[in-house]
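Naming follows writing order (A, B, C and D), and every chain is counted from residue 1.
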Amino acid sequence: MILMKDVYKTYSNGVTALSGINVDIKQGEFVYIVGPSGAGKSTFIKLMYREEKPSSGTILINDMNLAELKNRQIPLLRRKIGVVFQDFKLLPKLTIYENIAYALEVIEEPQANIRKRVMDVLEEVGLKNKARSIPSELSGGEQQRVSIARAIVNRPQIVIADEPTGNLDPDTSWEIMKTFEDINSNGTTIIMATHSKEIVNTMKKRVIAIESSMIVRDEDQGEYGYEI
Amino acid sequence: MILMKDVYKTYSNGVTALSGINVDIKQGEFVYIVGPSGAGKSTFIKLMYREEKPSSGTILINDMNLAELKNRQIPLLRRKIGVVFQDFKLLPKLTIYENIAYALEVIEEPQANIRKRVMDVLEEVGLKNKARSIPSELSGGEQQRVSIARAIVNRPQIVIADEPTGNLDPDTSWEIMKTFEDINSNGTTIIMATHSKEIVNTMKKRVIAIESSMIVRDEDQGEYGYEI
Amino acid sequence: MKFRTLMRHIRVGCRNIIRNGWMTIASIGAVTTTLILVSVFLALVLNLNEIAKNIENDVEIKTLVELGTSEEEVIALGKQLEEIDGVEAVTFSSNDEELQGLIDSMGEEGETWELFEQDNPLNHAFVVRAEVPQDTEKIAKEIQSFDNINKVVFGKDVVKQLFEFNNYARVIGIALIVALVFTAIFLISNTIKITIIARSTEIGIMKLVGATNGFIRWPFFIEGLLLGVLGSFIPIAIVLGGYYYLDSAVIDTISFSFVELLPFNPFAWQLSLLVLAIGAIIGVWGSVMSIRKYLKV
Amino acid sequence: MKFRTLMRHIRVGCRNIIRNGWMTIASIGAVTTTLILVSVFLALVLNLNEIAKNIENDVEIKTLVELGTSEEEVIALGKQLEEIDGVEAVTFSSNDEELQGLIDSMGEEGETWELFEQDNPLNHAFVVRAEVPQDTEKIAKEIQSFDNINKVVFGKDVVKQLFEFNNYARVIGIALIVALVFTAIFLISNTIKITIIARSTEIGIMKLVGATNGFIRWPFFIEGLLLGVLGSFIPIAIVLGGYYYLDSAVIDTISFSFVELLPFNPFAWQLSLLVLAIGAIIGVWGSVMSIRKYLKV
């Protein structure tokens, strides 16, 4: 499903964020990415939905070779992947409803379907009453949940979440984790970068630990931690 | 030092974020603000540095009555308070160095002092090598540490931090907490909204718990949690 | 593209116009002012051109017939003149008429000359008018080669100067208009470009959540069109209103015979349509060009 | 404000110019195009005005002296004419000179009149020129009331039309310039406003970390000044270069006596300075005005 072979990523300012990454993630897996601040977790994630291009190496997603992907095929890739961005990336002038609906509009869903799906997913993240607010009227945790809602609204095959609980209190975090577990049990692959020791150690899944741009540990049912 | 009496805050869209808040924080205290997502923690914090005005009630900071504060006095208030914003609020076109230096430039420090202070504080948050990067070239956690560095660079009397460890791994979080404890022991008042059960329960301090816009608990040496 | 998606784009384009508030007002303001400039100028130059033409049309060639030419020969000469290529009209003026004209033109001073009425020293004359004023000189030369011609007179220098001046003025006018239209294009698309730079982050987010370039571009297309159309309303109102006022009221009080404006209908309407078209095209073009940069990858 | 803070503001203002990249280019582009428009127009209208003045200055009053007036009386009349308020010059032209002038002006046809040389039926004449051309009519009336006057002639209708036309043209020219300058002001400050709207978040952040309004405003002030000054370079180059070219090369090939451009020095320099001043002032004004809104709380 997701395969990285000898992937290196050096940003244009010379910072090497990933070096020699080899990873194979199967359909339906649930993977935590852990590691210290600045280790390369977000970069690892950005490569998968092609926000960044690898400097070298091969990335295959669903047998699409990202290196050979034409520009006009990128939207098709991204529609298969729901992303929770670390900095939310909400459209500031659109209401919460419109922000989430956008992910369905791009795949030309009929209005009626859009309405139903958006309200369902808002219910799921507990923000039904905020549908008409704009992002700047929301608290940090509320914005994060909108980003989560947008990522899962079109039932993508893969959900990639970059610290989706960073701005959430423990209770709300657990609710979100339950949602992720639900959609994972329906066959969706979930990749989640996180700093939450509690979540990783309680909800045992595969753990990939990145430190200083390299994978230092990759184990099923792993614990939080990235020291070798 | 900081006194709130019968403070209410209703946003222009009708959402009541705080109701009947009474709080008295002494010089040199270290206070955690805890509560679920959307409870009103950030609003509570925003009132103190006058990003938001209370709908009613009195707020005294250092015997300044914020209700009577003239517009041109607001900068003076804000210079006494270092703020770590939940969404970082870095100036996107300035380098990390320039971002932090800005807080010293506004108080017309000489260049030499600025240089020294900024490099010191960058050292403290572990980002000395990122001084010439711009915010968009930094990882989430790195940006958060820049925001922390800016808040403490001019040694303010009060440091207010809105979830300063939300994007940080546990190790880095503890380093930041050590920094906060250091400056607190030098007499700086610290007010910190957080979702980290681990930090609150390990580093025991006064805890103010907000839930649904009200203070539901206020105890010294408290534990994490906001259920009544 | 599905029909409902097209409708969606139109809806979103209109919505953005409303939500962008200040940016929209600033953009429409830029479109409005530049189009006012363009339209006032177009009206001015086109009318001046018309006036110049009227003046040129007043130019005539006076052909003096040799003294002692017989009546038949004079008539034949008239025919010959009429047959010249590019001649519009030929008018005969006998030597008596010529003298009278001379006396009249001299006012009281002319009375002195009345004594010549018995013994008129003047020639018969033909007044020839060219179809195209610029042909005047050519025709005059041709006439010179005819028989029984005493002299061919036309305000050679004056006419030449006038034509030269008019030609220069016309070239300058057209150059100014072209320059102005390009300026308008630049300024409008420049303004739109800035508003789009300000929205580049948003465009980036749209791409990240799976929108194709076309999907992003369409609302901007609609928005640009609306900006252009909305921005051309005030200029059109000014063109129609101002021109109507000028055409009906002011011109009556000016007494130059050669000043005659292009008729309100259809000129003002055509100009309005042109302004609308310029606004719409530049609006669309400006916004579509400007997002291109942000759509790459 | 401390001196080092002023230096800091200047440094930051310059830095912003560089860092804002596209926005800066777009702003300077807007300033440049509008100022080109303004300066070309100014040069045009001011020169046309000058030309109109030259034409008006060519107007003279011809005073014909009654036949049979004695020499002394003619001399006295000349003195009297010179003493009229607003008269610039009086030239005497004897009846012989007048006849010669008539013969010359008629070209070959004039030969017929040469037989009058022995028995000149013409009057002596004075050519009177007014200091201010618009006074011509008034002076002519006054002369009419003098003794020994046969007739006072001046191209009454032509002159009146010309003045009227020139006045209209001048009013239109000035109106256009004023309108154009306002348009330029609007367009430039509009562009700057948009770039500042795009930076409103940044201004908000600055306020949140304790910057006073003045502290925020200063770099924008410098930036606006630089935008205006940088934006006026190309227009000034065009004014100087273009005007120099016109003044030296082209005008020689045009043959109208009344077309005489304002001299390159000082006119082009003054115009350049004016353009620079307009650019700088509007740049500063536009940016300072535009941030005001975002500085409130």
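Assume a residue touches a chain if its C-beta (ideal position, glycine included) is under 8 Å from a C-beta of that chain, and two chains touch if they have at least 3 such contacts.
Quick caveat, the model's predicted, so the values are computed rather than measured.
Asker: Could you run down the chains that neighbour subunit A and subunit D together?
Answerer: Correct list: B, C.
Asker: With chain centres defined as mean CA positions, report which chain is farthest from subunit B.
Answerer: C
Asker: Measuring from the mean C-alpha position of subunit C to the mean C-alpha position of subunit D, what distance in angstrom results?
Answerer: Roughly 24 Å, centre to centre.
Asker: Suppose each chain is reduced to the average of its Cα coordinates; what separation in Å results between subunit B and subunit D?
Answerer: From the centre of subunit B to the centre of subunit D is 62 Å.
Asker: If you average the CA atoms of subunit B and of subunit C, how many Å lie between those two points?
Answerer: About 67 Å separates the centre of subunit B from that of subunit C.
Asker: What graph shape do the protein chains here make by touch: line, ring, star, complete or other?
Answerer: Contact pattern: a closed ring, each chain touching exactly two others.
Asker: Spell out all pairs of chains that touch, sorted by label.
Answerer: Inter-chain contacts occur between A-B, A-C, B-D, C-D.
Asker: Could you please specify the touching residues of subunit C with respect to subunit D in the complex?
Answerer: 22-23, 26-27, 29-30, 33-34, 36-37, 40, 44, 64, 107-109, 112, 121-122, 151, 153, 161, 164-165, 168, 172, 176, 179-180, 183, 186-187, 190-191, 193-195, 197-198, 254-256
Asker: In the complex, go through subunit B and note every residue touching subunit A.
Answerer: Residues 11, 13, 15, 34-38, 41-42, 86-87, 133, 137-142, 145, 162-163, 166-173, 195, 197-198, 224 of subunit B touch subunit A in their complex.
Asker: For the complex, which residues does subunit C have touching subunit A?
Answerer: Those in contact with subunit A are residues 2, 4-5, 8, 16, 19-20, 202, 205-213, 215, 296-297.
Asker: Across the complex, what residues on subunit A touch subunit C?
Answerer: 49, 51, 71-72, 74-76, 78-79, 83, 85, 89-93, 102-103, 105-108, 110-111, 150
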